[in-house]
Every structure is written in C-alpha cells, then in structure tokens.
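Both complexes shown next keep subunit A, but they swap its partner, so subunit B is in the first and subunit C is in the second.
And then the complex of A and B:
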C-alpha cells in the first residue's frame, strides 16, 4: 500500500535543518515521524548532535542509575518534603530503625492484650508502656552512643537542637499512631483509648529538659523510674486501674509539660549561640 | 551502509531489565539523540530537555520490565519522554512550544514535495497543504494527539481545554483533512 518508506532516507542537509529548527512545522513533523521509525536516520541524527551534549546527558543518567537507592525511611521523609540531608540525619536515629519500631509495637501489643484479656482490670501494663514507648524512642534517638553520625553532627553547621526536635517529632509520628490504634482495643470507657496521650506528651518534654542537664541516658532512666513508680504505686495502693490517667492527674501532666517546655525555652535562649541546650 | 545492529532494541530492553548497564548505554546511543532533537522542538529550555532525556532513560532503567515485547522501543521511549516533559512543564507554560505551522522559516527548496509526501506515507492529495489549512486550534490538537501520541485527556491538559473539546476538535480536523485529501481526486478510484 505504501511505495515503501523503507528505501527512503532523509538526506544530511534535511536532517541538519531539522536539527537546527529551520524546518516549518509540517515538514519538521514528517521528518520526525520518519526518524523515530527509521534506524538509519536515527543513527545519522546521533552523529549530528553535539558530542558534549550527548556525554553530559549520559553522565547524568549514569549517576542516577549507579547511585544505590536510598533506604525506605529516607525516601519516605523526602516524600514528606524534607530535604535529603535532613532526611539522612533523621533516619540515622536508632529508634527509627525497623527493629526498634517492631520492639515498641510488640510490647504495646502485649500490654493491650493483657488489658483486653483481664477485662480492664490489668490496665497497668498498657498505661506503663504506652507513654514510655515514645519517651524511650526519643531518648535513644540522639546522644553520642546511639548516633552513628554523631561525629558528623557535632562538627556540621546544623543546629543540634533542631536535629533533636526533628528526631523527636519523627519518633512521635512513628510510635503514636500505633499506640492510638492499640488503645482503641482497650476495654472500658472510650476516653481511655486516648488518655495515655497526656502522660506521653508530658514525659517527652520532661525527658528533653532533663537530658539537657544530665544527658539522654540518665534522663530516660529517671523518667522511666518515676512513671513506673506512679503506675505501680497506684495499682498497689488499691486505686482504680485508670487512676494515673484520670482528669486531675492529666492536669498535673499538662503542668509538667508546660514547665519542661519553659525550662527548654529558657536554656535555648541562654545557649542560642552554641545551640547545645538539649 | 546501514550497519544493521545484531541486537534488536527489544533485546536490549530485556537486557536492561536484567540490570545490564551496557545495554542501557547502547539504547541511549541509539535513541538519545533523536529524542533530544524531537524534544527541543517542543521546549525552548535546553536544560529541561537534557533533564527530560535523563529522566526518560532512568525510567527505562527502572521500568524496562514493563515494556511489552511486541511494541516499538522508539515509540515507547517517546511516550515516556514527552509525558515527562508535559508534566514537568505544566507549571511553566512559557517554555512549551506549539510549533507554528505557517511560517516557512528556511529556504524550502531543499525539500521536494514528493519527499514530504513519502515521509508522511501519503500517496495522494497534498496533506501538507491540507494540514496548513487547519485552524490553529485543530492543528494543536492534531499535533498533540496524532503526532505526539498523547491521549485526548493528556492533550486537554497540555492545551488547557477539556477532554471532550479535544475529541471534538480532533474529529472535525480529521474530517476536514479527509475532505481536503479526497475531494480533488474524485473519480480517481
């Protein structure tokens, strides 16, 4: 049906004016349609394009292809709009690794299971674990021993405070939804499902404020101890299992959170130049 | 001397799917240049074109598996490249070129019209002239859908009109071309 477009090839002159953009659109379009289907003419075009341009483009392709893919958490953080260096720093936190998250999830699950099986009387395990999971996560998210990038972080012109807060937020984002979901499975009144949030959100700033003085490890130990004694004492003392998260106590947590926030703010103000408040 | 390549494009794509970077390079050498040339006619920012060509081959590297063996590699690559460019330029209307069909910019003596017709695979009627008689709205639709291979939806997005408008215009443009091409040859069959 065609007279055979196979035998015909665009002559060099025609291709040159095509590449130079000198052809009108219809002629250009027809050259294009032919070139895209004709091996000989495609090769001819390859020889006519600037070699530097060809190589420069290839260099970019090679780089992209050879670069190892970024780990999932970093890609996730990038997707959320964080710049890549920040994402890398963030993902280096020990508590953002899979193992830690799985551990937190498992202990929370067991605590929930205990509460569920006991019909709400054994609430202590859940109330003990739920606020501590984010606290411990934050505590191991930074500090010289936990951070493989510590040497880099210490020397980089990147606010340490900013990094710590960023990681804290990342930990909260990764732990809180799981806890919230599990909380929904708790027997008893509906408000219980969210009640653990009060101590959880109070203990994190307390930890950060303490860590500024004594370092994250000691601070974590102190917070852990205090919270455990509150929960255990309330159980031993024959109080209602939900006592640690009742309304009056929530007020105390709020006050604690505010106080801790104030301490951090004041120290930040003092140490602004050095950025080492936390 | 057309040095017929021993390895077909499709085989190279299959090799790329297996992680052969050498095959990627070979495909780039075969297709990079004409893709570049074709894109530069549609975008007046050379940097964007370089990036789009790079994107295209990086996509090829990642998605080589998704190539259907019976298809044509060139057409597939063009589909990736042009869609990349359209989506990249959505926010920058200033650099998109809808080729102007009226201006014969260079000395046209280079090109006998017989060749033009062969190129278009049309053996009767003057398609070039018929295309030139289309209104600008019709031309841009023919350009985007028929020549550049966008779907009517994508063309609508590129041209800033609704998909149905693209369909209607395309339909009318085709009808107009058909009339223009067949009328002078009435009784020729």
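And then the complex of A and C:
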C-alpha cells in the first residue's frame, strides 16, 4: 500500500481490520491517512460502520467539545451524588473552582502553622482567617448585586435567592471540613478546634443579610473590617489569644446569627420582587 | 370575569425613580403577535419591559401576566417565569463561559433538568441565532453582535409564551436581522413578543403592532400601518429645506424630505414612512395628532 498513489483503494479486508483495530500502528496510520483523503474509501468505511455507533460516538465527541469540563471539586461532588443540574449551577460560581479553594486552603494552612509554631500564643491569624474564608467565599459566589446577568437570574424560575443559598451551602461544605481539620492541629485546648465555627457560622448570615441591602462587596468589606477589629483589638488589649471565641462571645455570635436570619426571613416574606430577597 | 384575559395586562401602571416618573398611568394589553415599543431615550421602554419581565415591580397600578400577579405569591412568580424569555438591555457574561456554557447555565436556571433534553435545547437555540459554530468560543472573545445573539438564544429557550426583548437588534447585521424576523414571526403565532428599539426600520420589519412611548406615557398604540397613516399629507419632497417645517433633510436625489409644519413653495406630497410618523408623533404637535385609542 502506498499512500498518494492515484487510483489505489484499500480493499475491504484491510478496511475491516482497520476498523476492528487489528492493524499494527504504522499500517493503521497509513490507512487512516489514506481514508481521510480518499472519498471512495471513506464511503466504503461508512457502509461498514453501524450508524448508531457513529451517531453515539459523534454525540460523545460533540458533548466533550461543547460542554465545558466541570471544576475538580464539583466533579468530586458529582461522584458523591450531587445532581447534574446543580453541578452546572455551582460550576459557574468563581469561589467553587479549584483556584479559590486552593487559595483559601493555603491561607488557612499558614495561619495554622503560625499558631502551631508559636505554641498557641499567635492564635490571631487563625482566628482571623478561619471565619473569614467562608464569608469571602460566599461573597464571591454571590456575584455582584448590580451584575446585569442578575436580571436573568432574578427572572428565571429557579430564583436568585435559591441560587445564592445553594452556593452558600456549597461554599460552607467545601471550606468548613478543611478548616476543621486544620483546627485540630492547633495547640491548646481541644475545643479550640471547633470554636471558630461560631463566628464563621454567624458571619455568613450577617453577610447575606447585609448584602440584601448594600450588595455583597460592601457587605463583605464590612464583615471583614468588623471581624478583623475584634481579633486585632483582643490581641492589642492583652486579652487571652482565644478571647474572640470564648463562651460569652459565642453567645453574641449566636444572637447575631439569629438576628441576621430573622432579617433574611422578613425580607423573603415581604419582598415584592419574588426570588430576589437576597 | 367573562372577558378572556390577555397575556399581558397593565392598568394604571406607574414607576418612579426618585422624583422622576419613568412610567405614569400606563394602560396596555398584549396578546399573540409581535409588538414594538418605540420611543426616545428615557421614554420608559426599558422600565416597561422590566416590569413585564418580572425584574422590577411597579409602584402603582395592576400588572397581570398570563393571568397571574407576578408579585402576588412565589408560586405565581415562578409560574410566570416558567413561560418567560427575557433579554435585558445590557447583559453581563461571566468572562470564562463559552456561548454553550452560558446558555446551558441559564437553561438550568429555567429548570431544564434533564441533561439530554437540555443539551438538545441549547443546541437548538444556538442554531436559531446562527451561533452553532461559535458554541465553544468564550463569550468574552465574541463580537458585540455575536454576544447579543447569545443573549437572544437564552431568551428563546423553551419557546416561551411571553418573550421580552430589550433592543434585540443592537449589533446585528442585515442578514441576522432577517433571521431574527423569521424567528420572531414564527414565535409570534403562539407567543406574545414585546420588543423595544430605537429604529423604526425594525418595527416596520418585525412588528404588527407598535406602541410609542414618550416621557413615560403612551402616545400611540395600534397597527404599524395606522401609525404611518397619521403622517399622510404631512410629508413632502421639496427643493428647499423650508422655514416653518418640523424637520427636513437632504435626500440622495438632492431634494429635501420635509416632515410636518408648512411645506415650502413647490413641494410635492410624499408617501410617509414609519419614521416620518414617529417623528411627527414626538414633534411639538404630537398632542394634536394623537391617535384614537
């Protein structure tokens, strides 16, 4: 067989072996080259193929090319049973992509390392970062309030509020376990590993409640500033490094979370623009 | 009520931004067919379309879409939105999404939960706007007109019964306009299509009915031919621009197209276009020629 020879055509046995994948690499590549240029042989090949198989293969190729691959964390979640439509919605949120999660993980790791190396005296970085990581993740996933795409999201039957809550949960699910594991590495009492959860779980609803009024960016900035002030003030004031997460303060966070939840619930109830309470 | 309800019913609808009245006491009803909203900037077109698209609520008056109050209950809002296609005037696209990815994302928000059906539907609407070949291109790399068509594609998902298009023809070339016309005229048989535009050409080509809005109120509501008829006898071709005319401009033949006012000496009556009628409607004597309801 010599490719490029005019008038030469591959015989049916050769084509059959090619289709069955029985040819050696060089002969197979030569046949493929020839078929791609020779209409007669292409027609011969098409008659030897099962139309459904071709259809299926083409659909598969088209699917793979057309549909963007899901980010790794979301593919992982799919394996764990996340419904496919939900995966598409979550994949569109920047903070649920690999890069953001890696960033959050790294900053948390450094904060944990600082606490560990200092033997528990430099607890501030961890207490600063751990509750803020989910807050910032939620703010980024929220999408800007004035984003023109929001007009579409708000008028879709799925609803903007539902989308934001879905993404919030997804951010919490992806950030909290990592933070909890890192918290276990903290020196000091065991309860410290979970104590940061209080402010973290309070600041997220506070962010959502605020964002409903001033948009997620301003809300995130306010939350960030307030929480940083609490942590820094406790350090400067010579208080115990764990002061921001001690029992009395946890009560305050709980009250804040309840208040924020109430604000959201009231807005959901009275808002005239259905589906855009947040 | 014995009278069958229209798809879109607005009665006494008003909307204010601060002290400015974007819409004042608007009464309109729309059914099957394509209706064009014409009006200068700030006339209230976008506000009206946003209200019909359930994106904002009216401050006063009654809005009923598909027989429901879109801000009455969650169930009503969702029911309306299931039948709604909306192309906002400005649409932002996440920078890293492809055309296909974007439309698919919106399709999920529109509850196309079955993967296979959804993919087929996304392909169908991308094909309708002639973007099949650009399906895998990132939206940020598409031209302005192509992006507009991506926006249009998502609005067409599921052949909605109520289609609200805010300036759909921006950035489209003549061939694409013709395609849009075909698509909309097919949809207009069973759907209510409302679109806004600055261009009278679009209305003449796309719409059976036209609503002229100015200063937040309805100045005309009727068939396109009826709007044109309001200009009969008020358009001329003349050798000079004229002194006491509403507007005139030099045409390719060297003569002046004169609209409204007193025609210059020797002017010949001319066949009015939709643009002439529209200009007359917005002109100083718009009040006098206001069409009967």
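The rule we apply is simple: the second predicted complex is superposed on the first by the 182 of 278 C-alpha atoms of A that agree within 3 Å, B and C clash if a C-alpha of one lies under 4 Å from a C-alpha of the other, contacts with A are read in each partner's own complex, and residues count from 1 in each chain.
We take it that a residue touches a chain if its C-beta (ideal position, glycine included) is under 8 Å from a C-beta of that chain, and two chains touch if they have at least 3 such contacts.
No experiment lies behind these values; they were computed from the predicted model shown.
*Asks:* Of the partners subunit B and subunit C, which touch A:65 in the superposed model: first, second, both, neither?
*Replies:* Both subunit B and subunit C are touched by A:65.
*Asks:* Once chain A of both complexes is superposed, is A:13 in touch with subunit B (first), subunit C (second), both, or neither?
*Replies:* Touch status of A:13: first partner only.
*Asks:* What is the contact status of A:163 with respect to subunit B (first) and subunit C (second): first, second, both, or neither?
*Replies:* It touches subunit C, and subunit B stays clear.
*Asks:* Which touches a greater number of subunit A residues, subunit B or subunit C?
*Replies:* Greater contact footprint in residues on subunit A: B.
*Asks:* In the overlay, answer first, second, both or neither for which of subunit B and subunit C A:52 touches.
*Replies:* Neither partner.
*Asks:* Which parts of subunit A are touched by subunit B and by subunit C alike?
*Replies:* Residues 65-66, which sit in both footprints.
*Asks:* Which of the residues in subunit B come into contact with subunit A in the complex?
*Replies:* Those residues of subunit B that touch subunit A are 2-5, 21, 24-25, 28-34, 36-38, 40-41, 50-51, 53-54, 57-58, 61, 72, 74-75, 78, 99-106, 108, 110-111, 115-116, 118-121, 123, 128, 131-132, 139, 143, 147.
*Asks:* List the residues on subunit C that touch subunit A in their complex, please.
*Replies:* 50, 53-57, 70-71, 73-74, 76-78, 81-82, 84, 86, 88, 90-94, 97-98, 100-101, 104-106, 108-113, 115, 118-119, 123, 135-136, 154
*Asks:* Given the complex with subunit C, which residues does subunit A contribute to the contact?
*Replies:* Listed in rising order, the residues of subunit A that touch subunit C are 63, 65-68, 83-85, 88-89, 92, 94, 147-149, 151-159, 163, 272-275.
*Asks:* For a test of understanding, state which residues of subunit A touch subunit B in their complex under the given definition.
*Replies:* Touching subunit B: residues 2-3, 5, 8, 10, 13-14, 17-19, 21-37, 39-43, 45-46, 48-49, 53-54, 56-58, 60-62, 64-66 of subunit A.
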